[in-house]
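So the structure is just underneath, and the comments pick up after that.
Labels run A, B, C and D following the written order; every chain starts at residue 1.
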Amino acid sequence: MTQPQLPATTALTEDPALQTTAENWFEYPVRVHPHHTDYAGIVWHGTYLTWMEEARVECLRSIGIDYAELVRLGCDMPVVDLSIRYHRALRMGATAMINTRILEMTGVRINWAYQIKEHTTNTLCVTAFVTLVAVDRDNGKIMRRLPPTVQDALTKFSQR
Amino acid sequence: MTQPQLPATTALTEDPALQTTAENWFEYPVRVHPHHTDYAGIVWHGTYLTWMEEARVECLRSIGIDYAELVRLGCDMPVVDLSIRYHRALRMGATAMINTRILEMTGVRINWAYQIKEHTTNTLCVTAFVTLVAVDRDNGKIMRRLPPTVQDALTKFSQR
Amino acid sequence: MTQPQLPATTALTEDPALQTTAENWFEYPVRVHPHHTDYAGIVWHGTYLTWMEEARVECLRSIGIDYAELVRLGCDMPVVDLSIRYHRALRMGATAMINTRILEMTGVRINWAYQIKEHTTNTLCVTAFVTLVAVDRDNGKIMRRLPPTVQDALTKFSQR
Amino acid sequence: MTQPQLPATTALTEDPALQTTAENWFEYPVRVHPHHTDYAGIVWHGTYLTWMEEARVECLRSIGIDYAELVRLGCDMPVVDLSIRYHRALRMGATAMINTRILEMTGVRINWAYQIKEHTTNTLCVTAFVTLVAVDRDNGKIMRRLPPTVQDALTKFSQR
């Protein structure tokens, strides 16, 4: 076991962004396969970004937004900001739940929160925040507003 | 071009951690190859973590610390915290310089700063911060102090 | 669409290894997410190896072999040979079925066949073969025989 | 050490495609970093495909072909066939030389050979073959002939 057990920090557990009931989170299950691991036998720290992206895309699908279709229609949503904190390591063979939800939307910026928990013990392994921004693929500029259907679906979802 | 051109933020440009002269940064050059890109023709946002890790390991090597050897001797240095901000996209074929330096060391925690710049134009593309912590591989616990040779090399480097 | 539509080759369609009924294949579904793609908007050619590994591990689990546990007990099964042929590209947002089965076992060598099909159209996208060999983790040498429980489970499965 | 030491096979060592003098190979050096490794402390088997791609792109650059530019001009060169054989494992911290050369060109198909050797001992770790085919990005079809400048550069290189 090479990933340390960080002392629980007050800042984290008291962060209201992370204090929501289970109902508010979209859940995306994953299993740790060999290609996710590094020399320490645990998940390589960058691997989590692939799972967070997958959970985000599937969360959007669950509220009626097909990300691939959105891109084809000319609206991209690149990550512009990301922070991630590693609390506990996940080992090969483990299953984990990627929990995500939209924290807030400010114009075309969408802030997502993440909690990744080892599935059998419900241990918190990773917390993270990601900001997306809507970009017009034709000119590469930030959009003035989200496409209406996207705006509606996201608003409904973020206010659940 | 699908990654937006974010407005320059005061917070970022005034961050003293990032206002250092070129001499203070360890420089690690990379080129964007097909496997680094995503559907948008630009570097996928998680790819930067591979380059940041490579730059960190090579920076350690430049001051006499062989990371693979350190791990074999029982000291691991996992990432426990990471934040990254994407300012400009890097396209396939571009070359970039991964600049990194140690910001501070607090016990066995080592904070690194990053600036990633497109090479030919010197445009700032990514800024990031990463925290490592030294862990005893035998018991998985955070070490009380760094191995002396590591401590010495890092102290000398961080005070350059 | 940048991946070509290769002419159907006689060699491939007549390969008896790939001519089995649906019942013989273990099926593992995947969806193409942004991090799987490259600049061409299709799955990067190396990504398929992650899916093939996942399908293999889950296939083993389905017959009672927990790969992570096997490794912990000292038996590793590295890939020693792999060939892959790309017939059609998979685009972002597509779903695909990774079909795999054990072709034959020769001592501690296990040969797997793969067919990857786009899910909605059932179009064949990729065919592949992978050879694993059982290795004793303690000394790094090829094992003389498989652990009995593994041998039994694999024999039963490969003769279905 | 979990990757086995395969017995030298006659088939391999007598393959004339791999029996060339050092002058014929383009050499691309790499170092094994943490993100390249898996739970066994060695390079994950799929990682080699990233290095093979990088070596190919840099080899093309060395003979005057800028791959990113080629793609922008409408000519893509996807991998349509790949086989790879793993002889020896590479460990974290090791350096390796990716040797590649063009074996033959048949119309718009380009066959590449690879030898990957651990650098300090010159031990052969991986041999591989990759086939590319030139595709017109506008219509997704295989091109009838290579762009003349590409054809000239490749012919000159493959006949060295």
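Simple rule for what comes next: a contact is a pair of C-beta atoms (placed from the backbone, for glycine too) under 8 Å apart; a residue touches a chain by one contact, two chains touch by 3 or more.
All values derive from a computational prediction rather than experimental measurement.
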Partner chains shared by chain C and chain D (touch criterion as defined above): A, B
Chain pair with more C-beta contacts, B-C versus A-B: A-B
Chain B and chain C: spacing of chain centres that average the CA atoms, whole Å: 35
Whole-Å separation of chain centres (CA-atom averages), chain B against chain D: 29
Centroid spacing, where centroids are CA-atom means, of chain A and chain B in whole angstrom: 22
Shared interface positions of chain C, touching two or more other chains: 34-35, 39-40, 46, 49-50, 53, 71, 92
Chain contact topology (line, ring, star, complete or other): complete
Touching residues (chain side chain C, partner chain B) in the complex: 34-35, 37-41, 44, 46, 92
Chain A contact footprint on chain B (complex, rising order): 1-6, 39-40, 45-46, 49-50, 53, 71, 76, 78-86, 89, 133, 135, 137, 139-142
Chain A to chain C touching residues, read off their complex: 31-35, 49-50, 53-54, 57-58, 66-69, 71, 91-94
